[in-house]
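Listed below are the structures to be examined.
In what follows, chain A forms one complex with chain B and a second complex with chain C.
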Partner chain A sequence: MDTQWPRFEVFKQDAPNQPYQNVGTVHASDGEMALLNARDVYGRRPNCHSLWVAPERAILKVTAEELGNAQIQQKIAEARMLASSELLQNYYVFQKVSQKRTMTFVNYVGGVQAASPRQALALALDRFSQAEVWVWWICPAEVVAASEPGVEDSWFAPALEKVYRQQSYYGKVTRKRRDERLQIAQQMSQPQAQTKNEVSK
Partner chain B sequence: MILESESRVNTQENNPEYSQRMAEFEARIARGEKIEAGDWMPEAYRKQLIRMISQHAHSEVVGMLPEGAWITHAPNLRRKMVLIAKVQDEAGHGQYLYHAAETLGVAREELVAALLEGRAKYSSIFNYPTLNWADVGMIGWLVDGAAIRNQTMLARCSYGPYSRAMVRICSEETFHHRQGKEMITHYAQGSQVQHDMAQDALNRWWWPTLMMLGPHDADSPNTGQLIRWGIKTKTNDEVRQEFIAETAPELIGCGLTIPDLELRFDSESGKWLHGPIDWEHFWQVVKGNGPMNKERLATRQKAHSEGQWVREAMVAYAEKEGKIADGYAMAAF
Partner chain C sequence: MIATLNTTQILNDWLLATADDQLILAHRDSEWTGHAPILEEDIALANIAQDELGHATLWYNLLMQLKSENEDYPDRLVYQREANQWRNVQLVELPKGDWAFTMLRQYFMDAYEHVLMSHLEKSQHQNIADIAAKIHREELYHYKHSSAWVKRLALGTDESYQRMQAALNQQWPYIGQLFALAPGEASLVEAGIIPDPAILQNDWQKLVLPLLSTGQLDLPEVSNRFSSRAEHSLHLNQLLNDLQKVFRLDPEADW
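Coming up: the complex of A and B.
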């Protein structure tokens, strides 16, 4: 079987103090390469300030619909009861809170310490349920690889200079106004009308 | 993560529980909620999405080839940078879309294998050759213009991951469209040689662009269900009409002639009427008999097999360093 490497979820931070937002996945052999691929795939345009990547398989994902399932509720209830003497780990919590049309999915909302991903979810449900949440992700902090502080200039600043990637660069080629298009359309109400434009050879 | 007991419900169409789930599913779509990976969905919805999204992903990847061929022949540095950026975007769009397909439980490896073995389809438009430099501009104006029409519609798709990929792609694709239009407008109003080059490109790309938006509604048996489930929100003919209404006046306005003597604007209905589309030709191209099908596939196969040692070497390195991501515990219920 061909390998195209495991999948990593990519989280992009547009500016300092903005939440990390999930933008999609990349395939990579390890976290370091996942960051490089994430920069190429999701950082081609401004603004990008920082990136996180995490192995897709290590993230606990659950939708609001799944949380209504009795079996899943039971498992979360059991996890909640886990002895706190267990080794605690840090988990990052992400949520989808909107049904608006957007290019990003779940946003980082904060961290919890828990003995397992399910217990982390139970704690997150208590702590971060202010808004209507459609999707929850729980990611162990230890599996996250982050772009290093200070790489902004070499990793993300060049995208700012490539203004020809922005549609505004071609601003002078605006769409014809509706009435202009309609005027040409009216002239085209006869099939042969177009021939007056024929190039004279 | 779908539980074992639930995935069985997907296929039991006579089961009352199935009917209830289906009703809930359709009610969610009617309310404008996005369906996300993990939510219940009918098997036919999942299959249609995998088919559409993977074909779309393949189209982005194969779509790099016709224009990529002109990178080393660009007439100046500005046009060259623009073209490189555009082709790189197409590679990125392929990645966004494979990602969206993978949320439905297929692996990119399977999808790419289907493409390389000739089992998967991609847009018929990329099986035509790019014969002159103006083809690069004409592809931007017409092909990307038609694609944006289609993709703006798909950005409203009920499946969250596909919708989000489309929103991102549309925002980037607008630059592709603009640079093409800028180039063609410039040539159409430039020297006679430039004008003729633009006209030649239009003559060859107009009909294939109308075809790439898909068969007429009367010949698209799946459209009803796709619209009911919010996968598509407009029919092929509706999107084609929007495309012509926007593009035809602008092409004519810059002095070019659309190669359809029957094309006219019907003042009564407010619609553009075009001559008959050669669907026999379209299906021949879809079936693999277009001018460039074999070449496109051979190019992808070559790139894939020549990259194999890199993929293997990177895995070997990650394993040696103990960093391979397959080693992480799987989180699931």
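Coming up: the complex of A and C.
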């Protein structure tokens, strides 16, 4: 039995004009807790301006390979026809457009209004297709919990001063310390090495 | 006795008490590192413990500066004092208990820090006002985190409710000590350096009581323990034993 809390995808925006990027997941009992957890897990280092979280199970995820499948193409074609203007919902569209290392994020690209997730995907394919899209994510806007505007100062800004949370901070310290320790270790091991040689003779 | 205390001494004592509250709370929080109910909370609480430790450091450093002490002063205060020399409230030294106990205490202290900092930001003492502004922005996040937990545990299952109520029963008698005026501190209030504890307590209750009531938690009918901040439970000895163990093995060691 899965005793974990539901999984939420986390999207981080580094600066006001940057796209929201999927940075990973958190487990949480609900959206508000997921947002708090996301802040601690993904926003504790510098460069976070805003966060979104969305329950993983609410997101329609389709790969480029799956889009080539005739059955799936058929379903999308059917969904496109099922337009019902009274039941339109807002959907967020996300794409992964690169396989290059460090650029594999699933980014927010825009929104569509549709009657179902599949219909949203059909519209997104019309509107946001580009040379290479490896993965499409479609998420109903209403399930996305966002950090409130104005919390940056309390939620994210303090991380800027906390350089001790960054790997590089310890890299510098340990390299210097390591050299010092190596020196000490060498000095200490020299007489011992001699003793060993004598014994081996 | 009061007549022999001058304002500088009183201010130093107040700073020490304020810093000690944070340091001991940080240590109790840090005891969950590696043991929290889920990974995300482990990271969150370790993070918060680090923040509280940072707040303690800001106050210890100001004390060091005001007393023209050497740079190792905060370390000496933390690693070389016996239990009876600490000035934290007893609430923060109580063992970490279960998750409900830790979250409720953190909530009470976050609410306390939130109202205290919003007053101290306007302190007539510029150094204190500057530090308070810095701490306050972080406390807004801490408050959001711990209040979310208190609400969910209180309104969760029967078990989580009972655990939260038990934590409240145990902690409530210790709350009064947060708002007790130490000998001579009235002069700091008059000088506009620190807020009037009665106002502080009122602000605190305005935040806390509605949340406890939302969670249908009953305030226990108990009298407050108005003890001096120099008095401690044996729990503090045990905590310091842990905290100072490595330092005491080799006080001269260079880290």
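Here is the rule we use: the second predicted complex is superposed on the first by the 158 of 201 C-alpha atoms of A that agree within 3 Å, B and C clash if a C-alpha of one lies under 4 Å from a C-alpha of the other, contacts with A are read in each partner's own complex, and residues count from 1 in each chain.
Keep this in mind: a residue touches a chain if its C-beta (ideal position, glycine included) is under 8 Å from a C-beta of that chain, and two chains touch if they have at least 3 such contacts.
Given the structure is predicted, the values throughout are model-derived calculations rather than measurements.
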Given the touch rule stated above, what does A:Val62 touch, chain B (first), chain C (second), both, or neither? first
Should A:Val26 be classified as contacting the first partner (chain B), the second (chain C), both, or neither? both
Once chain A of both complexes is superposed, is A:Arg44 in touch with chain B (first), chain C (second), both, or neither? both
State whether A:Leu36 touches chain B only (first), chain C only (second), both chains, or neither. second
Taking the superposition on A as described, I'd like to know which of chain B and chain C A:Trp5 touches: first, second, both or neither. both
Superposition-derived comparison: chain B or chain C, residues of chain A touched: B
Using the touch definition from the top, say if A:Ala141 reaches chain B (first), chain C (second), both or neither. neither
Per the definitions at the top, what is the overlap between the chain A residues touching chain B and those touching chain C? 5, 26-29, 32-33, 40-41, 44, 162
As the complex stands, chain C meets chain A at residues 38-41, 43-44, 47, 51, 54, 137-138, 140-141, 144-145, 148, 152
Can you check the complex and tell me which residues of chain A touch chain B? 1-8, 23-34, 40-42, 44-45, 55-63, 65-66, 69, 71-72, 75, 96, 99, 101-105, 117-118, 134-135, 138, 143, 162, 164-167, 169-170, 172-173, 175-176, 180-186, 188-195, 197-199
So in the complex, the part of chain B that touches chain A is made up of which residues? 1, 3, 5-6, 32-34, 36-40, 78, 81-82, 85, 88-89, 92, 95-96, 99-100, 102, 108-109, 112-113, 155-156, 160-161, 163-165, 167-168, 171-172, 174-175, 177-179, 181-182, 185, 192, 195-196, 199, 245-246, 248-250, 252-253, 255-258, 261-267, 272, 308, 311-312, 314-315, 317-318, 321, 323-326, 328-333
If we count contacts the way the header does, which residues on chain A are in touch with chain C in the complex? 5, 26-29, 32-33, 36-37, 39-41, 44, 151, 153-155, 157-158, 162
